[in-house]
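Which chain is which? They are A, B, C and D, in the order written, and residues in each are numbered from 1.
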C-alpha cells in the first residue's frame, strides 16, 4: 500500500544490458554496467540531425511553467487544495482553539445534523472538523520534514556514489540495495515500534525508509550527467569536485528530484496515516490516520468517522500528486521536447 | 502512313513525381514548395544542411511524417502516376515496404532490439507476399546474403545489439529491398558510419540498384557522396529547392550562390589548400535566421543579394540542359547561352 | 624541446565482459605552435588519446610530459596548474555547455577557479574573448540553448581559450556542425592559433579537414598509431595500406562509383586481431602479418609507418 | 549473499535499540513477575548475553533455518512464519496479477487515446487510485459491499467451519479474497497504468516503430509486435521491485480484513513487542524480495535479449 518507489512515473530504462560498448550510443542511453568504467571516448561521426529550426528562442522556464499550468487546470486545482490544506493546518489552533482530543459534545453526531459540529463527533464526542483541521498540520509537517530529511540523505549518498563511482559507488550502492530490499512498511513498523512514536521520530523513520529511492535516482542522474561533455569540460578546466557536483551537475540533476520530492511528501503522508491508523502514531496529537483507526470499530453504524478523515488524506495526497505531475511536465524536458 | 513509326523513347511518367510539396507544422513551414522527379533506375540525390527540409521530404513520400505535420493542399506526390495521398490505407501500406523501401540514418535505433534480425526481415516479406513462415525465413537468409552479411545462416538468429553499425545498416537495407521495391529512399544512410564502412554501404546500395533495377532517392548532406553516387542532384536550402542538375556540371560550375558557397567552404581532399595558405571561404551567418523572413531565404547570407532578393522569393529558372536554379542574380545571358549550347 | 611528449601511452578500460584496450602504446611529440592531426575511425582510440593527455581519463601505463614536466602521475591537486595550460574543445556543441549556466558564467567560472584577476578584470577578459571569437557582448547573459550550433561552438572555443593555454585539444570540433558552419569554425581556430600562439592536437575522422588544418598527422587504427608524417608528405605518398584505404574511402567527386577500397568490418577493440591489427582487412597481408605486430619504423623525412610491407 | 547478510545485521542491530523486550511484555501481562523470574526468563531466551554473542547465536541458528523462539507464541518463529506464508503469498500474488493485468490494460488504452478525453479521465482516475490510502479504501469497500450491500464477507480467509471441498471451497475462498485483493492492488494498478502509458507512448516514438511502418505493417501488428513488448520491459522491472511494497502493504490490509498472513502476524508481533518474530518477518520478507528480484532478472533476460547476452561482433 505505501509507495515502494516514488518515481514510478518516469519510464525506467531497460535493465542493465550489454549494449555494445563500441558503438556510438549516447552515454545516457547506455544502461549501467555493474562496475563503473570510464566510457571509452569513441569518435562519433555525428552530423547534423534533421531538425526543424525553432522559430525564435524557446520560451523560458517561468513562461513555460505558466503555460503548462494554464493548459492543465488539474495542477491548479492541486495547488489550490494544497494551499488550503496548509492554511487550515497552520491556523487550526486559531480556527479551532482548544485540544482537538478534548470531548466537546455528544458522541456519534452525524455530519450535517448539528451546526456547531458540521462534520459531527466521534465515539467519544470529539469534534471531527477540529480533528481534521489539526490533523492537516500534523500530516503536512510529517510529510515535509520526512521528505526534507530523505532528500538530504538520498541526494547526498546518491550524488557521491554516482559522481565518484569505483569502490565508493560499490559500497554505497550496496547500502542502497540493502535498504531497498528491506520491505519498506515492515521496516517502518519496526522502526516506530523501537522508537517512542512522536512526530519527530515518525518523520525520521519515514526518511530512513524512503531515502534509498532518492539515492538511486540521484545516483543514476549523477552517473549519466558526469559523463556529459560539459562536465568533462569542467574537469578539463581544473574545477574541483565540490564545484562540479554542486554547480555543474546538481542543477541538471535537480528536475527529476524535485518531481520526486512532491511525490515523496505524498507518500510520507500516506505512511504516517497508515502507521497512526494502526495505533503506531504519535499518541499526543490528532492525526487523520488515528481518527480513522478509532472510528474503525464503529464502521457498521458510524462509517462517516472513517470516511471523512480518509477523504482529507486522499484530497491532500491527490493534490500533491497533481502538482508532481505538473512539475514533471514542466521540468522533464523529455515530456515536451520530443513531441513534434 | 501505316508503316511502323519509330517512337522516340521518352519515359511516359517518371517513377516518382513530387510537385509543389509544402509541409507545415502549424504556422511553420519547413518544406515550402519543393518539386522534383525520380526516373526509373536512376539515383537522385537531395543534398542540404540540417533544417533544409530534405528528410521531411523523404518521410512525406513514405507517409511517415510526424502526426503534427500537415501536407498543404495543392502538394502532389505521384508514384507510378498514382497520387499517394489519394490511396486507401491498405494501398498505402502495400506501397510502403512493397514498392518503396526506406532506410534511415541511425542503424542503432531503427531495428527492434528484442526481435532477431531474421524475424525482422521475414516480417517485411510476409507483410507483402503470401509466404509461409519457413519460406520467409529461408528468403530472409537469402536477403542477408544479398546484402553481404557473412555467414547469414548463423546471423539470422542474431539480435541487433550483436551486430556492428555497418552490419545493422545492411540488415536495414535487406528489409528495405525485401519485396523488390521500385524505389529505395535512403535518408542519410551512412552518416552514422565510419568512412570505410560508408564506402561499403554506398557500394552495396548502388549494386542493388542495378541488380534489382530500382531507383534510389539519396538524402545526404555530404557533397562528396553526392558527386560520387548521384545521377542528378537537387540542392535544398531552408525548405526550397535552390538548384538542380547533373553532378559534374553542377559541381564544376554551381549557379546558385549557396551551392557555390558550400563547394568553396569545404576543404577538398584532392586539393592542396592548407590553413597556412589562407582561410576557407565562409558562408556567413546560419540557416536558423530564416524564420519569418520574406524573399529569398538565403539572402541574409548571400554576397550577391540585391533588394529584389529580399522582397520576393526567386522563381526556379529552367535551363535547357535540365539544370534549374532559383536565383535571378547569377543567371546572366552568358549562362543561358552557355546552357543552350551544351 | 617539444611542448608535449608522450611515450608508450596505454589506456585500458575494464568492462564487464573483458578489457578494452582503447589506447595501446602510443607515442608522439608536439612542437610549440604546431597542429598535429589525429585521424582514424571509431574505436581507434583518438578520442581516448585526447582525454588521456588531459588526464580526464587515467592512463594505464606510459608517460605524458608537458613542457618538460611529467604530468602522468601528478596528484589531482596539482593537476589544476597543468590544466590551465592545456585545454579542450569538444565535439558536440550542445552537450559541452552546461544548459543551466549563462555564457557569462560559463566563461567566468574558469577564471574564478584559477583565481585569475578580480571581478572587473574577469569581466574585461570575458568580454574580450567573446569578441575575439566573433560573438557580441549581448550574448553573455543568454543561455546556450538560445544559440545555434556554430555559435555554441564559438562559446566552447572561448571557454578553452580564456585561461590562455598553450595547448588546445580539439576533439572533432567541426563534425557536429553543418558544412557552411565548419568553415567559419576552422577559420576561427586558425585565427586564434595565430593570435595566441597555440598548439593544437586536432582529432578528426574527416580526412579533408585534417588535410587542410594540420601540419602533421597521426593515423590511428585500433588503439595504435599506424602511420605518422607531415601532412603534405602523407598525402603525396601514404605508406600504410590502411592510410591508403582511408583516403580511398572518402567520396571523391573525381572518381565515380568505384568499389569500396577495403572489405570487412572494423574489429572491436575488445577483440583485437593478432599480429598486425589491420591484417584481416589488408590487401597486402602476408603470413608474417598474422603473427608479428609491426613497429612504427622511421622512413625518413619525419615519415613513419607500422607495416611490414611499407 | 552480502545483501542478505547486511539485512540480517542491520535489522538485528536495530532491534537492540528496542526499549523493552518480550520478557517485559510477558511479565507485564502476567502481572506478577519478580525480578528473578524475569532474569531467569531472559537467560532462558539468551537475552542476557552480549549483543555480539546474541548476533552470532542468531546467525548460526539462521544457517540452520532457525529464526529463533517466540516467547509469546511459545513456538519456533520459523514455524510461525511458515504457517502464515501461504495466505500472504496468495493475497499478494493475486493483487500483483490483478494490478498488472488491469494496469497494463488501462495504460494501453490511455496510450492509444493519448491526449484525448479518455486518456485524461483515466489519468485522473489512476491518480486518484494512487492517492487513496489502501487501509481507507479497504474500510470503505467493507462499508459498501459488506455492510450496505451484504455481498461479500468483511473479513477472514474463509467461512469458519465450512466443510465445502473442491470448487465450492475455492469459490468460498475467492469470495473472501475479493475485497482485500482489490484494496491492496489499487495503488499498483495506478502505478502500472501510468508507467505502461508513458512507456508505450515512448516506445511508439522509437525509430524501430518508424521502420515497422516503413515495412507497411498494420498499426495493430506494430502495436503488438513492436510497441508492446518493448514497453513492457520497464513494467516488469518495476513490478519486481513492488513485491516488498506489497508485503509491507499487506500489514495494514491483513489487519483490516483479519487475513491470517504475515502482515497480520507482524502487527501482532509489534503489539506484543515480540521482536524475535518481527525480526524473523523482516528477514523472511526481505528474502522473498530477493527471490522476486532474481525471478524478475530471469524474466528480463527472456524478454530482453540485450540482458546478459553477447556483445557486438
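The working rule: a residue touches a chain if its C-beta (ideal position, glycine included) is under 8 Å from a C-beta of that chain, and two chains touch if they have at least 3 such contacts.
Given the structure is predicted, the values throughout are model-derived calculations rather than measurements.
Summarising the inter-chain contacts, the pair of chains with the most C-beta pairs in contact is A-D. Geometrically, the chain at the heart of the complex, using CA-atom means, is A.
Centroid to centroid, with C-alpha atoms defining each point, chain B and chain D lie 55 Å apart. Centre-to-centre spacing of chain C and chain D amounts to 54 Å, using the average Cα coordinate of each chain.
Chain B and chain C have centres, each the mean of its CA atoms, that are 32 Å apart.
Distance from the chain A centre to the chain C centre is 44 Å, each centre being the mean of its Cα atoms.
Multi-chain contact residues of chain D (touching two or more other chains) are listed as 233, 304, 306, 309-313.
Looking at chain B, one finds that residues 49-50, 161-162, 164-165, 167, 194-195, 221, 287-288 touch two or more other chains. In chain C, the positions touching at least two other chains are 17, 41-42, 178, 205, 265, 268, 270.
Within the complex, the chain B residues that touch chain D are 62-64, 93-98, 101-102, 104, 106, 109-116, 120, 123-124, 127-128, 159, 161-164, 167, 172, 175-176. On the chain C side of its complex with chain A, the touching residues are 13-17, 20, 22, 40-48, 50-51, 54, 56-58, 79-81, 83-84, 86-88, 90-92, 95-101, 109-110, 113-114, 143, 145-146, 156, 159, 163, 171-172, 175-178, 203, 205, 268-270.
Residue ranges of chain C in contact with chain B, taken from their complex: 35, 41-42, 148-151, 178-184, 186-187, 190-191, 205, 207-209, 211-213, 231-232, 235, 245-257, 259-263, 265-266, 268. Interface of chain B with chain C (complex): residues 49-50, 164-167, 194-200, 202-203, 206, 221-225, 227-229, 247, 251, 261-262, 265-270, 272-275, 279-284, 286-288, 301.
Taken together, the chain D residues at the contact with chain A in this complex read 2-3, 6-7, 10-11, 14-15, 17-19, 124, 127-128, 130-136, 139-140, 142-143, 147, 183-184, 187, 191, 194-195, 198-199, 202, 205, 233-234, 237-238, 241-242, 244-249, 251-253, 255-256, 266-267, 270-271, 273, 275, 278-279, 281-282, 285-286, 289-290, 293, 297, 300, 304, 306-312.
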